[in-house]
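Take a look at the following structure, please.
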Amino acid sequence: MQRIGVFVCHCGTNIAGTVDVVAVAEALKNEPGVVHSAEYQYMCSQAGQDLIKAAIKEHNLSGIVVCSCSPRMHEATFRKTAAAAGLNPYMVEIANIREQCSWIHKDMASGTEKAIILGKAAIAKVNLNTPLTPGESPVTKRALVIGGGIAGIQTALDIADAGFPVDIVETKPTIGGKMAQLDKTFPTLDCAACILTPKMVDVAQNEKIRIFSYSEVVDVRGFVGNFDVTIKKRARYVKEDICTGCGLCTEKCPQKKVPNEFNLGMDNRRAIYIPFAQAVPKVATIDADYCTMLKTGKCGVCAKVCTAGAIDYEAKDEFIEEKYGAVVVATGFNPISMDKFDEFAYNQSKDVITSLEFERLTNAAGPTAGKLLRPSDGEHPHTIVFVQCVGSRCEACAEKGKEYCSKICCMYTAKHAMLTRDKYPDTDVYVFYIDVRTPGKAFDEFYRRAVEEYGVHYIKGMVGKVSPEGNKLKVQASDLIAGKQLHIDADLVVLAAAIEPDKSARGLATMLTASMDTNDFFTEAHPKLRPVESPTAGVFLSGTCQGPKDIPETVSQAGAAASKVIGLLCKDKLTGNPCVAQSDEMMCNGCSSCERVCPYGAITYSDKEFRMPDRTTKIRRVASVNPAVCQGCGACTVACPSGAMDLNGFKNNQIMAEVDAICKM
Amino acid sequence: MRKISLDKLDLLFAKIAENQSLYIPSDSVEGAKFTKWTNGTALTNELNTVRGIKDFFFPQSEDLMKFKMQGKNIEVIDIRDEHEDFVIFGARACDVRAMTVLDNVFLHAEPVDTYYKNRREHGIIMSLACTRPVETCFCGTFGIDAANPEGDIVCHKTDDALYMNAVSEKGTALLDSLSDITEDADTKAVDEQKALIKERMTKLPLAELTTDAFGGGKTEKFFDSPEWAKLSESCLGCGTCTFVCPTCQCYDIRDFKTNDGVVRYRCWDSCMYSQFTRMAHGNNRNSQKERFRQRFMHKLVYYPENNNGMFSCVGCGRCLAKCPIRMNIVKVMKALEGTDNGSN
Amino acid sequence: MQDVTNFKPLIVAFCCNWCSYAGADLAGSNRLAYPADVKIIRVPCSCRVNPMFILRAFQRGADGVIICGCHPGDCHYTSGNYYARRRMSLLFSMLDYLGIERDRTRVEWVSAAEGAKFAATMNDFVEKVTALGPNKRLEDLRCKK
Amino acid sequence: MAQINETLIPVVGVITDVRIDTPDIKTFRVVTPDGKKPFDHRPGQCAMLSVPGVGEAMFSITSSPTNTEFMEFSIKKCGCVTEWLHSAEVGQMITVRGPYGNPFPVDDVFAGHDMLFIAGGVGLAPLRSVINYCRHYRDKYGRIDIVYGSRSKDDLLDYKEIIEEWQTDENVHVHLTIDREQEGWDGHVGFVPNYVKELGFDTNKMAVLCGPPIMIKFTLQGLMDIGFDKTQIYTTLELRMKCGVGKCGRCNVGAKYVCKDGPVFRCDELDELPDEY
Amino acid sequence: MQEVMRDKLVAKAKELLTGGVVTRVLGWKRGEFCYDLTPGIFKSADELDKEFDFGDFAAPNLSKYLIDETRKEDGKVAVFMKPCDTYSFNQLLTEHRIDREKVYVIGVPCEGMIDNKKLSAAADGIKNVAVDYENVVVETLWDGNVTVPRESVLAERCLNCKSKKHVALDELVGYEDEITECNRFDEVARLEAMTPEERFEFWQGELSRCIRCNACRDVCPACTCEKCVFDNPSSGVESKAPSDSFEEKMFHIIRAFHVTGRCTDCGECSRVCPQNIPLHLLNRKFIKDINELWGEYQAGAEVGSRAPLVNYTFDDMEPSEAVERGDKNA
């Protein structure tokens, strides 16, 4: 049985005005376990707290009930008070007799009666309280960033800046991501490479950062502060530490017919290649699918020309195991496939391209060395039609595209249109749109310049059909404002394809037990208040893996994620909230219901051997909760049919005791 | 012996119900059930009720006492009250014998259970001979005469009349009070019926079952029999057999917190339940095999040992009909009997 | 019909700590009155409310039970109220199936900013339960012994 | 009805003293609200203590029947009732009913004999009643030997009484032992069964044995090794009881009900019972 | 009337035992009468010959026994399963209660099992029973032969059979059939259409008969808790007897709730109830609600499926709408 002290606060007249506090203190005196009951003007004042501390010591109290304002106001205060007097802070319960009583009830009699009942409920609960101690777990002071695009790069740099080691895992041979493929960036039109490549160099030169390029995460175990990650380094057949990146091999390689993915297949590269000049790491990679040597054993040209002797045809995939305290997901996006959009003749005509392909066509390092030429015949296009929202905002065509807005297309299309008119004033540029969305700093001004200064024809309406005829593309479209059908003979059609999360995200989410939405974007812990954290503790989100974003947004989110990571890695130990779920292994059935409802992946199962009362042993599958990961929502406690799962601080018997006390009238 | 013609049965019931509650077996959704007689309550055609008459004397749940608590103080409140008089009509021979089995525990073994005694003193049993026993009946195994049941008033129902014979003081008084609507009768019709019943009893499929192998002092013989493991292997550990059994009397005493104090009540418990013997420092019957063995050893060995050879099974057949997995005392007896013959 | 005039129902309200309890606090701060018949029990999330708690409340004499949580999509724990919504849909449908008056149970989503909604909800709920009179169909007579 | 005594209905008892014996054993003194002993009992009998709303449990009465002023119970913390009792304070009311079970045959079988009491741990609790009874009627019994062992010095029950009263009695010989060496202990160290064999008693006496099952088993064997017959040895069983009156069906071992036919058994009687204890 | 005869099953079991595929066989043992089959383990051909039985009374669902049986010893256990039993089996696999590797499932087709309660209501003193597709002929002790239509004594769950297809199988003895169309929710719908007062009366009448023998729980293949909350003193809801009409409502509501989304509607609860309470109507209500609220879901249809109560979508129906939905239909 507990020794409980009850402390009724007047809160000046806030409570005492409509609740007879003396009567409350008196009425609660005889409740089970209560050995002391007092009232005071302001319990939260220093004097009030001293009074509580003195009573705890004098009466050797094992628990206290403070009848005062909302626990959301002063629960923390009174817990500290209790702790100062040597009482476990979780032996404190608050009866909210201000917000839920004195402030809303005008009648003294009913207010007092209710206050007494609320006090009794708190007493009933504290009678069943047990001292709780927050669990502690150490923190591995290293972060993992999955994805080496601008989001990953920025996060890694920021974390490294704070002094923590960071590893970047990138599936491509180089970091840089999508931004490396872009030409200019809106709305300032600075060249993407000019602002990105210095950052890439920073990464390469930063002692705190390791880059695992051409690599992927294949296994994640553990929890916040203590992730054990396995990284697969795919064999690139070139020794990274020896290759100087001179590029001689990439010139001599006889296998010339490999579609160059960096240029989206619009030109070819060799079987041994460096994706682009500023690649980081600047190391060649042999494409095993095309290398004659690896396929037939006959060639070896690259090995012959490599003066450094970096070529290694015998290389194997390597698996690296590393511990991390935090994981940042920055897996980015891809444009969706245009295969299902037959109406735009993407697969029928080379001159129907996506916006990202257009970026490469206008990029000085691209297949046309920056000259805007038609992919089919290398001629200058004179009429270009841009189609917006291809696969975005596609409510009716969810099986083809996406229901959401891809957010970046309006701006980059304006950029493309403007740049085209700037360089090639003789070109007619049409943009078909549903809406033009420009909610960003200097965005709308940018768009208006395209229309007003550069004379881009913006037409509200959808393109119905693109049909290749001779060397022209017949574009059928509607002009919703003019209310008429348009027929345009275009030379080039550019599709603003919707973007979607990278395909690797789904598997990664499963490994991390991080939740995703139906579009495979990672879910944030709270859409407003915790936008860069996954609900799974220790997993953070950076960039478009969480939702469509432009570069400025991505970089700011990347920084925000980094600051969260730094906040975590700064700690030597993680102190948990002790009000977490706990599984009684003797009663657990191992049915997995709790695991399935846990939003944090805090529950794991293992086979354990139990000694039965009849002295036999039995192996059973039982759940255990990782207190460092559990956030204490209690979803598992109701999913559990046997009641093996209970929630500290809000145990079944505590809540039922409160129910009983309230209903006992 | 008195008789009343069957068409006046309602008159008889009405007359009895004038001065006390009368319960007769009547049809209901669950099967036949002792129902408080009111005008129109009809006697069932079923052989027997789903549950015996035990419930009237030892109800599934009954309040024993109350406690009021204030601070450190406790007040014990005795809530026992004189029970109302009641009559049970139509109890079968097996169920009436079951009351003797219970009496041995609650009345004849010190200390007397006053709750049971109170009900027993106020209840009158009018038993009814069975003319149509069914295949699960084996009361004869335990020396019970279905043709001539025990009780306060023994009744025989023929095609046209109900014959009543008072065999106890209470029964005589009740039957006397009915004298104006009943008439004297000779024993001819009853004797004929008894002969018919006796003949029928021999034709029952379980007529050959005997208790010869069992009884007090046989603990050692059966306790470690390998049959227990096999017999109990599919036992679910539910309490169906116990709760439909007219002689099972295990109970639990529990406290219920009311809004005003604590009510201590007693309720049926089952030795088949895994929690039955579980206490703070362990459980001495941990496996279902041990619990299963306890139930049948009690009926066939322990009880007879403590009660002059009387078995605590009356062959009513309820467990045969109700066990979810169809394990029952007959199967147990036959299996153990076999080992007895084989090993000894 | 019950004697409605003198009947004061007992209402147990389970409120999630993050939204509804805060909403109740806001109702208090704004002095928005609702009947003293409502007694709040704080739970971390609406998904912590076990059907056993609800039945227990009725057993012990509650006349109505209301569960308040964050609006769908706003759960502090991301998904708790979605589970609560499914569980309570089934439980309340079952109580209805057993003939328990459906106005005795309710789920309401109240955010931390909706003090007014909290008070209005409670006023409405108390009114409905008062109209039903005392809970007879789910009470445990032993509690009154 | 109320005039008929119902054994299931308890009387109210007031805790008038709580003595901390060992880290997990406390001894409670209980009287009725008007200050009397709740009821008379014989050595070895039990009483059912309850805390309404918490539960009821059976405990042996550790005070001697010769004490007519109060009853004492030495209770080890091991369940919800005992836990509750351990947190109870003086003045707390509980309920008591009893006495239950068969007592030790102190007035017939034991009378005129030398007595050997062997106890382990909390097993001394039921024996204390008999020991003090025998001490009270000192001339009815011969030499009294008491072998008592526990885990450590701190776990010895009634240590003060043993040292101050029992050991000073004439012709009472106390042999204490603890399981492991301990600072401040210069007595015997070792397990009870071995100690009994070491001490090597003559067999012309009655022995009473109580303690954990494993201790009983080995001590019984030890006693037989030094020539005792099972008919000379008594023990008391502790089992799961509910009603205390042999009706609820829990505490039987074979056909015997521990609450009614026990808890005191002669060891040869135990052999008759099936191995379910 | 069962298509596949006992002898065929015995032969199969013997083959598996002697072939060393399994070390024991879980099946049904012959009883005292023609109708009281008991689940049991067979370890030898001899035991199979002497004791094994199958037929119109092989009602017990054997899947739950596998929980303990597969933990007992090494080696596989062969088990006979009717189509509906395999759903329970799958559900237990989903909940990791059975080690699939240790079980050899022999599917047995089922023509429907006879309800003992209905049979003994139809005829007194059953000596023997002969069953064909149309009729059941009962040889009685005192009334000669009594013939009743087979349908009239078939178990409710068999009249409303949901599937004649085995969803888990290592081997099939006999033919395979399909998932059946049935009207198993009609009775629930009939209750739903009543007024609340009528429904209350109905359930009050049914549930008040409960004697808390726990047979429904102990036989239920979904109720496999190591310790049931109703047996656990620390759960706060432990209870042993229907001491108040509330008690049995609490027990049955919570029990039904705990098996929601896990109950395969095998009907064992109603089969074993000694008090004839139609407990399956509680579980079916939940199943019907699940189907209507969140889409068709059949527990046990596939291993590993996510039960509706451990799942959600953003736009699930609100509880108030869920409760009122019936009114709009009416």
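We call the chains A, B, C, D and E, going by the order they appear; numbering starts again at 1 in every chain.
Here, a residue touches a chain if its C-beta (ideal position, glycine included) is under 8 Å from a C-beta of that chain, and two chains touch if they have at least 3 such contacts.
Just so it is clear, the model here is predicted, and its values are computed rather than measured.
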### Summary
Note: chains that touch chain B and chain D both are A
#### Entry: Common touching chains of chain E and chain C
A, B
### Task
Select, from A-B and A-C, the pair of chains that is joined by more C-beta pairs in contact.
A-C
### Message
Taking each chain's centre as the mean of its CA atoms, which one is most distant from chain D?
### Response
A
### Query
Just curious, how far off is chain E from chain D if you go by their C-alpha centres, in Å?
51
### Query
Can you give the whole-Å distance between the Cα centres of chain B and chain E?
30
### Task
Measure off the straight-line distance from the CA centroid of chain A to the CA centroid of chain D, and report it in whole Å.
66
#### Entry: Multi-chain contact sites of chain E, meaning residues that touch two or more partners
229, 236, 243, 309-311
### Task
For chain D, write out the residues touching at least two other chains, lowest number first.
80
### Query
Of all residues in chain B, which are in touch with two or more distinct other chains?
252, 256-257, 259, 269, 283
#### Entry: Pairs of chains in contact (touch as defined earlier), listed by label
A-B, A-C, A-D, A-E, B-C, B-D, B-E, C-E
### Message
Taking the touch rule as given, give the residues of chain C at its contact with chain E in the complex, in rising order.
### Response
51-52, 55-56, 58-59, 72-73, 79, 82-83, 85-102, 106-107, 137-142
## Note on the structure
Residue set of chain B touching chain C in the complex reads 63, 66, 256, 258-260, 263
### Summary
chain B residues touching chain A in their complex are 70-71, 257, 259, 282-283, 286-287
### Query
In the complex formed with chain C, which residues of chain E make contact?
188, 191-192, 196-204, 229, 236-237, 243-247, 249-250, 253-254, 256-257, 260, 282, 285-286, 289-290, 293-294, 308-314, 316-320, 322-324, 326
## Note on the structure
In the complex, chain D touches chain A at residues 84, 87-88
